[in-house]
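Below, each structure is written out as structure tokens.
Look for subunit A in each of the two complexes below; its partner is subunit B in the first and subunit C in the second.
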Partner chain A sequence: MKKTIISAFVAVSTLITTVGMSFGDLLVPVMTYRVGPFAANGTQNANGFVDYLTMLNERDGGINGVKIKVEECETGYKAEKGVECYESYRGKNPLVHTPNSTGITLQILAKAPEDKTPILTMGYGLSAAAKGETFPWAFNYPTSYFSQMTSILKYIDSQTGLKDQKIGFIFLESGYGREPIPVLEQLAPKFGFEYFLLPVAGKDAQNQSSHWLTVRKEKPDWMIMWGWGVMNPTAVKAAIKSRYPLDRFVGNWWSAGDVDLGPIGEAGKGYKGATFNATGTDFPAVQDVIKYVVSKGITKTGSEGPGTVLYNRALWNAALIAEAIKTAQDITGKKEITGEDMRIGLENFVLDEARLKELGFAGMVAPIVGSCKDHEGAGAAFIQQWDGSKWVKITDAIDPMKDIAQEMLTKAAAQYASNNAGWTTQTCK
Partner chain B sequence: MDLLTGIFITPFAEMIGLPDLFFQALWDGFVSGTLYGLIALGFVLIFKASGVFNFAQPILVVLAALALISFYKMGVPAWISVVLVLIMFYGLAWLIERLILRKLVNTDGNILFMSTVALSFIIIGAAQWIFGGRPSSMIHKELGIPTGSFEWPMFGGGVYFDLLDISAAVVAVILIVCLGLFFSRTKIGRGLRAVADDHQAALSVGISLNQIWVIVWFVAGVVALVTGIFWGARSDVSFALQIIGFKALPVLIIGGFTSVPGAIVGGLMIGIGEKIFEIYWGPLLGSGVEGWFAYFIALGFLLFKPQGLFGDKIIERV
Partner chain C sequence: MYFRETGQFKSKYKEELAAFPIFEDKIGIAIAALLAFVLIPIFGLPGLSWDFTMSAVMIPVVIFTITTLGLNILLGFAGQISLGTAAFMGVGAYSCYKIMTIFPDLNALICVVLSGVVTAFVGTIFGLPSLRIKGFYLMVATLAAQFFLEWAFIRIPWLYNYNISGAIEVPYKEMFGIVLTGAKSEPLTRYFVCLGFLVVLTWLASNVIRGRIGRSWMMIRDMDIAAELIGVRPLTAKLSAFAFSSFYIGISGALMVFFWLGAAEVESFDINHSFTYLFMVIIGGLGSITGCYFGAILVWVIPVILKEYGKSVFGIDAFVMENFTTILLGVVMVVILIVEPHGLARIWQIAKQKLRLWPFPY
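Now for the complex of A and B:
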């Protein structure tokens, strides 16, 4: 009798679990890091992402009537934890993975084709994933690190010219930080500038005085930073301390958030950073998140979150996923889609000016259209500057050096495929 | 040939060519070294009293700094917040003695060490739960610690001095002198030294081991608070700060695990050495040498002078 009851219990539990896996909500897991040295930035990322999808549930009842189930998995920005998170969703029909870390992306990239679940690494991850024919399951809309570095170099060129300039590149010693170095290697002889590298180990993120003594010795004309977490404010403080002119110091889009410069305030005036999204709460999408989520208190974010660089970027990340889900539903005619369907959605969404206006993102981000070949999109970035209390946009969108970036991306993608025997590719029309 | 020039000629030519940069490196190294020494001091105190490497010392630095900021954010005046943190640390020292040390007295050193590892992770978990994971700004201005900087013109250039760094060095020196006097001139201090020499003998002459442990853990907490304030003021206070805490390990190996002056001398050697090496010889090795330089020096000491510069030479009779 006892055995029968246990067997029945197990059978019912299995049935419930299986049903839960296959039907019902649209499962969108997100890897977050609310703890650890990168928590300040990670928390903003997580809040914006979750809040936008929660807003869609609250305002629209989900997407096409199907609720979105957004689940966080804490990684602490550690690759091994990210892999654990990834594995924990196997068999549960996750629509897309959002690793929020280049290191984690590199670990799970090869698993995506096998599990038929796409990976979206918005503005991070492996740059080569921009080449859709080589990476059918990975996307890095709306731009890659290769493209971003060329945009920053174009900005420097517009200010002082690149020829005979000396550029210091300070970066987090990781897959993420090293990603754009090939661009410097290739473009230095072409444009006649020289550069030197300053790797900052994660454990030295808050102890950079040696690095900035080296900067003082080398006397670079420009400094570019690929930092994250506590490394960013520490670097800016160290630059101030060593009297480095902040208007010659440009961070990438992960090194130019409100959380990075807010505590520094007036002293950080002049520091610049790349970005691909505007700040502020005037956009209808942000207003809806405030109305349906933040003011109702169904969020982990405080009122200081909406409108900031990283929070708005995370809203955009979630919105792109939501649009891809909708596109997949429309194309397949199914309301409850799979990871395979989602991949189709990610290659076919259309976020033109009209659609951005409809979604409440007009003016905050550039239009972008999904593509089979191009998993990167427009690739443009603009430069913003810290005015002592907030970020101010100081340039229009700067297109990347497309010919150079595309050539390097193609080469890097081919290299990746040749290093991974049996790599799954696709042919695009 | 280029390599030899890079090792033996270029660095010295750069030192002579840019003397202001050289002095800046010495000063920055001195400040970093003083702060490394402060962290190491916390380790030394507990090692002297219980013969255990306190793995939890770095997280105590983070805990002290976060608690201080939290009390202040709750509306408590800055200096009252300091007092509250000290009271909190006395309570923590008492709890650690009651719940861990008392139960493990006379057990193997490795067991005591592992208990501090466990303690470290418990504190990390509890602190993240209480304070959250976001970095916070230190309240050094509210504590009246001067900020700003001035330039000292030198050899056509200049050396920049931060008032915060000067304050850190001054406070560190005062703290070390006070601790030195405390341990050499007071009854408790002499008790500590007796306990450090021989637990059994100390007990037999009526010294309360439990009381000494509470006091030592409390003093290590005081050192952690001072360290947290100054390191936190230089960057932000986050859990990553504990990683810097482990820089104290090579400092201890160089200075000796049981020596207060050794912690300071070791700290200065590492602080100044890593700056000079990184700037002048780092480019030869692709930069980023600061991360391993301290451990490289420590390995040399382990091979040739394992008790460190000032540590007690351990002689065991067979």
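Now for the complex of A and C:
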């Protein structure tokens, strides 16, 4: 009896070890959250990301003939799960980390140079990572929170002018929500607008009544939101209830998804949001995902997923990674690349109009070119508006106030480097 | 049969009072020490990568054992309920961060101990209501501590050095040429630092509990009026329990951020975490030091390992496993509380009792 137990144990543990190790594929890890308070948004994000890479496997047999292996790790949007997930990828040659959370990004940011694996935080994470010379291993293509805030302010300027306007900033009280505050701080005296802060603690996401009482009292001309998860629909509903004009309410790109406004429907008409990717299924890339993945049922996505804001954004995120892998393969001449090669790929890919057309993303996103110095890219965002059932693009791409954003990013990057003695930097040609 | 005390005679009081009076217990503790100090650091756990074992299983479990020890001192030995554990860990973490940045040349280990002292001070202040109120009312008072401290961690930017992201980051520290904290530190170094703290703190706790102060805590716990009548001062007994417990919790909070997470936001110290630590204490066993180990291991390690095995062996989706382990933990908790309200420590004691008789029950 004892012997059987021991031999069974040995058998199981060898099985576990052998299954755990399978090299040869391109491992693209992704930290997702399909459970917890942010699951509604997280699921769409996760589905889009996984589906695009599955599509490449199905359609092209991977990238340059090497299959991609996507490995999901569930975080529940909790920061301490990030360490667990990060460690579970170690030793398996992960190419690039996608933490999908600003909190987790902050934790693993310092580890990236040690483990020689880059981090790509598309439209989230530490804004200062845009400075490639200070952060060789972190990327936040296509734009950062700093840049986005200046784009939104520019949009407001084009509508009513910024002078003497009162802006209310409602945000999720976390690293993510606080990121753009320095922009407001710096620009308020410059453009002569006033602002006040409405921090919403994560656990109070569904209880914002006191904040909206303040809004009624203060009567801001514009409201800007940095929300996530259940906080978004709650805020829009509260705005409707307190009769705040929705066309003066602008969410950032994480506060303007179909999952956020869908449940509100017609009542949410007029609410605006920034974004860097168009919605809809008219793009060839989305069509391919539907054809090769969604209609075949090899996904967790329902038919309603493709075309939505977050799903399309996750497709774009995966596409950028795929392009960087391809670039890395071409530059190094290796088929099976490492995290270090991937970093080179992320600094050298070229996604111009022609290439975007080839990939089927033309018109959905702005062209972007990888660079050593600028890990942020073009940085343009445009404004979309909810028409009661879907998002409609209402402006062209609005470039951020580059000089101001760059100055602040440089300062923030320098601060991070000085806080972390012995920080690895690089010099760009 | 396996566990026989026959023939083990004590001829001195000292032997009678030893921490492990029975020979078999000494073997048991030696095996546990061998596992923790040698075998796991060398081989890891079966089926898990070594890095994962260290960074995601062993380091956190050691840290949470310290937390559980701290909470158990307060709850299990002194009978004062607290729901502010996570916030007190936050006090430890933020004060460690402040100490490290104000005195950049101070040794990291001293910073950790000092942060424990700061937390002890804060804990004592929030323990003051315990002199007047008991039970549920005290629980509400500590809940206030939880919310107040969470608020403070966000709204007092001085605490995180006006960092834009509102997070505290771990500075690089070394001792004798070995990197202790920061991204360049080896998991093994960080593990042994935490383990060292655990060993010292366990030794300290077991001695304090067996001594005069510990006995006064237990007297207060069992019947405060009677304790007062025979000369125990509730003021010193209760406040020393809060201070002692907070010292442990503060140290574990500092270790958590500086030797495990690497950066932290306020959400790592929210009320849900307080509940988790409370579960660890209750499942492990109130008023038992061994129970702290069991509780922390069960509540932390089982879900992590199950998730990892579920993914690598059975290919189950991560989020399914996440939900499954949450359900499983809930079921285990309910079952343990029904079957044995005194927790795993009591089950362990019963098991030992049975082993004494086995295979001849009479």
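Observations
Simple rule for what comes next: the second predicted complex is superposed on the first by the 406 of 429 C-alpha atoms of A that agree within 3 Å, B and C clash if a C-alpha of one lies under 4 Å from a C-alpha of the other, contacts with A are read in each partner's own complex, and residues count from 1 in each chain.
Convention: a contact is a pair of C-beta atoms (placed from the backbone, for glycine too) under 8 Å apart; a residue touches a chain by one contact, two chains touch by 3 or more.
Because the structure is a prediction, the values reported are computed rather than measured.
In the superposition on chain A, contact of A:V35 is made with both subunit B and subunit C. In the superposition on chain A, contact of A:A110 is made with subunit C only, not with subunit B.
Of the two partner chains placed by the overlay, only subunit C lies in contact with A:E179; subunit B stays clear of it. Annotation for subunit A, partner touching more residues between subunit B and subunit C: C.
Contacts of A:D352 after superposition on the shared chain: neither subunit B nor subunit C is touched.
Of the two partner chains, neither subunit B nor subunit C is touched by A:E407. Of the two partner chains placed by the overlay, only subunit C lies in contact with A:N420; subunit B stays clear of it. Once the two complexes are laid over each other on the shared chain, residue contacts for A:L197 go to subunit B alone; subunit C is not touched. Subunit A residues in contact with subunit B (one complex) as well as with subunit C (other complex) are 33-35, 173, 199, 201-203.
Interface of subunit B with subunit A (complex): residues 14, 18, 21, 24-25, 28, 32, 128, 132-135, 137, 149, 160, 162, 231, 234-236, 238-241, 243-244, 246-247, 274-275, 278-279, 282-283, 286-288, 290-291.
Across the interface of their complex, subunit C is touched by residues 9, 12-13, 15-17, 19-20, 32-35, 72-74, 76, 78-80, 83-84, 87-88, 90-92, 102-103, 106-111, 113-114, 126-128, 173-175, 178-179, 181-182, 199, 201-203, 412, 415-416, 419-422 of subunit A. Within the complex formed with subunit B, the residues of subunit A that make contact are 33-37, 39-40, 42-43, 173, 196-207, 209-211, 213-214, 216-217, 229-230, 233-234, 237, 241-243, 259, 263.
Subunit C contributes residues 46-47, 49-52, 54-56, 60, 150, 154, 161, 163-167, 169-172, 182-184, 260-268, 270-271, 304, 307-309, 311-313, 317-319, 321-323 to its touches with subunit A in the complex.
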